[in-house]
Amino acid sequence: MGDNSLGNKFQITSFGESHGNLVGIILDGIPAGLELNEQFIQEELDKRRPGQSDLTTPREERDEFEIVSGVFNGKTTGAPICMFIRNKDVDSSKYETLKDYLRPAQVDFSAIKKYGGYSDYRGSGRFSGRITAGLVMAGAVAKQILQLKDIRIFAYTKSIGEINDATPYAIDDIEDCMISREKSKVRALNLEISIKMEKVIETVKIEGDSIGGEIKCVAKNIPAGIGGPIFNSLESSISKAIFSIPAIKGIEFGAGFKATRMKGSQHNDPWIVKEGRIKTSKNDSGGIIGGVSIGMPIEFTVAVKPTPTISKAQKTVNMKTMREETIVFSGRHDPCIVPRAVVVVEAMTAIALLDHLLTEGIIPSCL
Amino acid sequence: MGDNSLGNKFQITSFGESHGNLVGIILDGIPAGLELNEQFIQEELDKRRPGQSDLTTPREERDEFEIVSGVFNGKTTGAPICMFIRNKDVDSSKYETLKDYLRPAQVDFSAIKKYGGYSDYRGSGRFSGRITAGLVMAGAVAKQILQLKDIRIFAYTKSIGEINDATPYAIDDIEDCMISREKSKVRALNLEISIKMEKVIETVKIEGDSIGGEIKCVAKNIPAGIGGPIFNSLESSISKAIFSIPAIKGIEFGAGFKATRMKGSQHNDPWIVKEGRIKTSKNDSGGIIGGVSIGMPIEFTVAVKPTPTISKAQKTVNMKTMREETIVFSGRHDPCIVPRAVVVVEAMTAIALLDHLLTEGIIPSCL
Amino acid sequence: MGDNSLGNKFQITSFGESHGNLVGIILDGIPAGLELNEQFIQEELDKRRPGQSDLTTPREERDEFEIVSGVFNGKTTGAPICMFIRNKDVDSSKYETLKDYLRPAQVDFSAIKKYGGYSDYRGSGRFSGRITAGLVMAGAVAKQILQLKDIRIFAYTKSIGEINDATPYAIDDIEDCMISREKSKVRALNLEISIKMEKVIETVKIEGDSIGGEIKCVAKNIPAGIGGPIFNSLESSISKAIFSIPAIKGIEFGAGFKATRMKGSQHNDPWIVKEGRIKTSKNDSGGIIGGVSIGMPIEFTVAVKPTPTISKAQKTVNMKTMREETIVFSGRHDPCIVPRAVVVVEAMTAIALLDHLLTEGIIPSCL
Amino acid sequence: MGDNSLGNKFQITSFGESHGNLVGIILDGIPAGLELNEQFIQEELDKRRPGQSDLTTPREERDEFEIVSGVFNGKTTGAPICMFIRNKDVDSSKYETLKDYLRPAQVDFSAIKKYGGYSDYRGSGRFSGRITAGLVMAGAVAKQILQLKDIRIFAYTKSIGEINDATPYAIDDIEDCMISREKSKVRALNLEISIKMEKVIETVKIEGDSIGGEIKCVAKNIPAGIGGPIFNSLESSISKAIFSIPAIKGIEFGAGFKATRMKGSQHNDPWIVKEGRIKTSKNDSGGIIGGVSIGMPIEFTVAVKPTPTISKAQKTVNMKTMREETIVFSGRHDPCIVPRAVVVVEAMTAIALLDHLLTEGIIPSCL
């Protein structure tokens, strides 16, 4: 399989560049017969869109999408769905002036070593966070299929820097907060905590710096029995999908790293019977045991690193002269990418789970 | 691709069950012409072997392996290499008496939901940690190929419960400690810390309980330019491979979750020139930027949950009666799986990296 | 992998419909650094283009293509290349009036059974021969990479109906005929035979009927050692690629079906030494032994069925009434698809061979 | 995917060598809950077994198989099924004496170019027809699953040299002949024709020569709607699987190469209504239109080349001296491989079709 495709029965193929003509995605394996809600796709894109608040990059993109194949009379046909967004507000000027300098924590060196200097370096090209717009479109379609099985995916900002919302929300509480989440500039669930998080971002923005954070994601109504031992574990599929998002540097399922300090007697989730069905009384497993879903919510948390683009002076190397220098790289950027990444995490989760459900025959290939 | 295979150009296929005839692995894509060091494979298996110390399960398996294909006159031929270990000390008795009860945090429910009650439940069957013996054999061969490029992979026990070795070891220090690591019953690098960790395990063992921990893994001499943006990121491949190991519930690359509390100006690794080559002065990226290796060590840490099998009374459900009961599940088990998992983490890392190096043409398919 | 993708290291993904917005292709894995010859791509498309002679369908499509990603400053970047052709001369009227009738030998029934009636039926949608325009674009890029290794692929019309060019052309003779082939309306090598073939087509065209034929394809300078035993055989890869072309119903390598009537002593190609290199004195193996190339030309012949669309009265079924009726389906069509399919066969061969050469490390992923 | 695996949801992985320890296969994706008929597997192997008649190679192998994983209490568990046959009657002596000479039409040169001289050359190693014993085991299990859907696959010897059984058998007639087929030494349906075929083989055997032939294969009760346009066509999957069999050099579906001489009005199969269901009145399409099954029998014919191993003097090259010489290569061989290949063609067809049916969700992954 090519480097730019992901999935088994549901395969997405990403294409486009940050400052090229467009950013796009092909969805292969979406069941035929889905009445596509295009407005929903746009709403999802709007949650990732730059310029959505004063806490994000000023790059002005409306991110309006086109569907050019795979839909007929408003319904999916079973043929591959190609969708793309044309790039509008492209300012490549600054990439020319400093292109001999390696921007710290940026992909310049990676791209040269990988593609021998032929890659499109403008706006980081293929490595840009802008590529995730395609993922969000794919996720928005995947969510519509999942919804037919009443499966829903919710993510929110759990921490920004040191400000951490440690509340152990029940999944229904998270669902109830989804509208209020959109009132939070940072996509936190608790608006008091949100204000503290916003202040952290405003402060680093003024400093010309950036900050990281955590996103928590949960999936509701995944039936038991999805995934598998060894290589087909749900943790394997989800983590592979999630690490496709630039800036993600960690993932933990259920109790995660906290489990390393727990005893088995604390960590083991007791089995109970609830309304005639087998459940666990708590969910430290994150809903996955032996790589397989057990019918409890899938729960995981991801670590987002601080945006590498900052406007402070940084030490680096001029590749031409091979000399170390201290440079100020200016450029439009997000002081914190977490709020915009929330919907991308949801999208990749929807994509990974839908692939499992289609491949394992839980969702048919024709509605 | 089937559920029990992993990889592109280097594909491994796992088979066998915990209490069946054998546990095996097929390696497809190992370059022809490698003089296979069988003793090294056995040494690696010995590091995972049960019964290697009083801190592990008393199940007595010598784990002697056979190679039945793909090697001719002591060298690999380019044909698939099939290796297996026959199971010897199989005691399935206890699985019969309590088989109506769901063992907490165990795969009983997962297996029933996935395989409809037909799976081999003895010793958890396919879900057993014993399956990782096959992974260790594959890793031991992968390491021999990597060694030809001077690539080496080292892992060690970073924490057991609350005892954490926070020393920021340089990679050469880790390499130097590999022999002393084998003198530590828990595979820690520091023998003083090791004694504290052993005490933690001894305590939970006496309690009939278990404990989790962390394993740190580093890879040396991975050339820059391996991996890719989006779906082919090194983090995606490594995490997919690592989460194939039962009991792993988290992974973080470089600064990982700590990066969520850092500013860009702190987290960004400055580029420097060292001996004429471009490096970074620190390695908070874990050696991966934009999903691509930058020539620095690959560094990550994984979270291992406490062994679910404990001998304390636990609340659970009898599937037949659908009633909740409190049961003591006895059975041979490891009070802490971390020391035995260290070599499995190394193995999966070797497997994932070798696949990248073969697929990307860095290592030829014929030596 | 999704249904609309093909390949390992070089993966193509097809999208679009006959009467939709466009027909497109994504090329993933094309090495970075290729100076792309866009004129050549257009020339290749022109060989497949409808309306190129009075022997083809009158649908008027210029088939002008756009490249919207993966190329920067005229060179490939290593990123996926997305190319498409907008559909212009779309006349879907006739598909509405007779859409309850199953056109004989056409995909109506297949599409309904596969996609539950949701597929785009206009012009056969995804099943249309028009989809092969995307394959030709991919093939045109693949050929440019192959050319760097001096590998060339030539196909020609070997037979139309009973008119068969049985000349055992040497590969260099075929190469020499490539310009004159373009002077033949049917893409035959011998212009006298060409005239006979044209007459056959003109006759069936007047009758409102259609006719089949054979295409022979050869590949020059494929190095020995490509392919593999069992599932990776060159015959497996080439046939899988070739049968992706609608209307192909047979393939034979080297002596093919004639070999079934030969003795081993006749069929076995003697090994010889020629200019210091090991060759065979004839090529009944088609250049492939044990699934692996031996350095001789790859040679195979494919069977193309007569175009199913004809304007004669045909017996069929009205799906609504479930009654058998005799219907005249009119519609623009090719009386013989062979001349336009020649370049498609070349394209799929180039695609299959390039994938082998990239996957097996013969062509690097960065030029 | 590795070179030695095939399939999507149903993946087989082949291993072992002709003169090594064993020949084996792993089946991944066989639904859980199948009561495995081991006797049937042995009966299928017996049809491929060497030494089954005086028309086959005298190599004496009982081909008794072992199942070492994936079956518990007589039923499949959903885990990978590993099966193998130990090699017994291995005589590698002759491969040593003439190993500098390239056997005509044999894999010596291919293997050297592919594996750099490290491959196991004894008995052609991985390239040997003996590898197909693994395919027959896989096919025998696949057939048992298909039988649950009343799907059956039948093949027979259609021609040996010039002796051709051109009878247009109806599929039910073929099914009825399956027992009598086993009474024919060559696996022909008509015993009179069988005798003629046997004579042809006896004659070439006396001459120290060999002969080719054709195998026809049909699949009954494949539901309509399986396969897909472009890369997922049934012809693509079946041909890829079939060309994995050594000695196969051609395949044609339905009318195949004969269709190249037909007009559309002749070739198009009229749609009819039969017992309330839509069928075609003849089957020149081979049951596949647009790459998709239409509910008619799948029909195809394959070309088998004459066995390359003969005992006549042949011209070849000594690789060490690089001189051409005339050599008599003796060795046990089949004068005609067709009779033994019949069950292998059935097996690969069963494997390819089962993969489609599982991947497309027609057969569930748990019975």
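So that you can tell them apart, the chains are marked A, B, C and D in the order they are listed, and the count of residues begins at 1 in each.
Heads up, the rule we're going with is that contacts are C-beta pairs under 8 Å (C-beta built on N, C-alpha and C of every residue); 3 or more make two chains touch, one makes a residue touch a chain.
Worth saying up front: this structure is predicted, and the values here are computed from it rather than measured.
Chains making contact with subunit C as well as with subunit D: A, B. Relative to subunit A, the chain whose mean Cα position lies farthest away is D. Centre-to-centre, using mean CA coordinates, subunit A is 39 Å away from subunit C. A straight line joining the Cα centres of subunit B and subunit C is 46 Å long. Residue positions 1, 3-5, 8-9, 14, 114, 126 of subunit B are each in touch with at least two other chains. Here subunit D touches subunit A in the complex through residues 8-9, 359-361, 364-365, going by the rule given at the top.
Within the complex, the subunit C residues that touch subunit A are 1-5, 7-11, 13-17, 20-22, 24, 26, 28-29, 32-33, 68-70, 72, 75-82, 84, 114-116, 118-120, 125-126, 366-367. Within the complex, the subunit B residues that touch subunit A are 1, 3-6, 8, 14, 102, 104-107, 109-114, 124, 126-127, 131, 159, 161-162, 204, 207, 209-214, 223-233, 235-237, 239-241, 243-244, 246, 248-257, 259-273, 276, 278, 280-281, 285-286, 289-295, 303-310, 312, 314-317, 319, 322-324.
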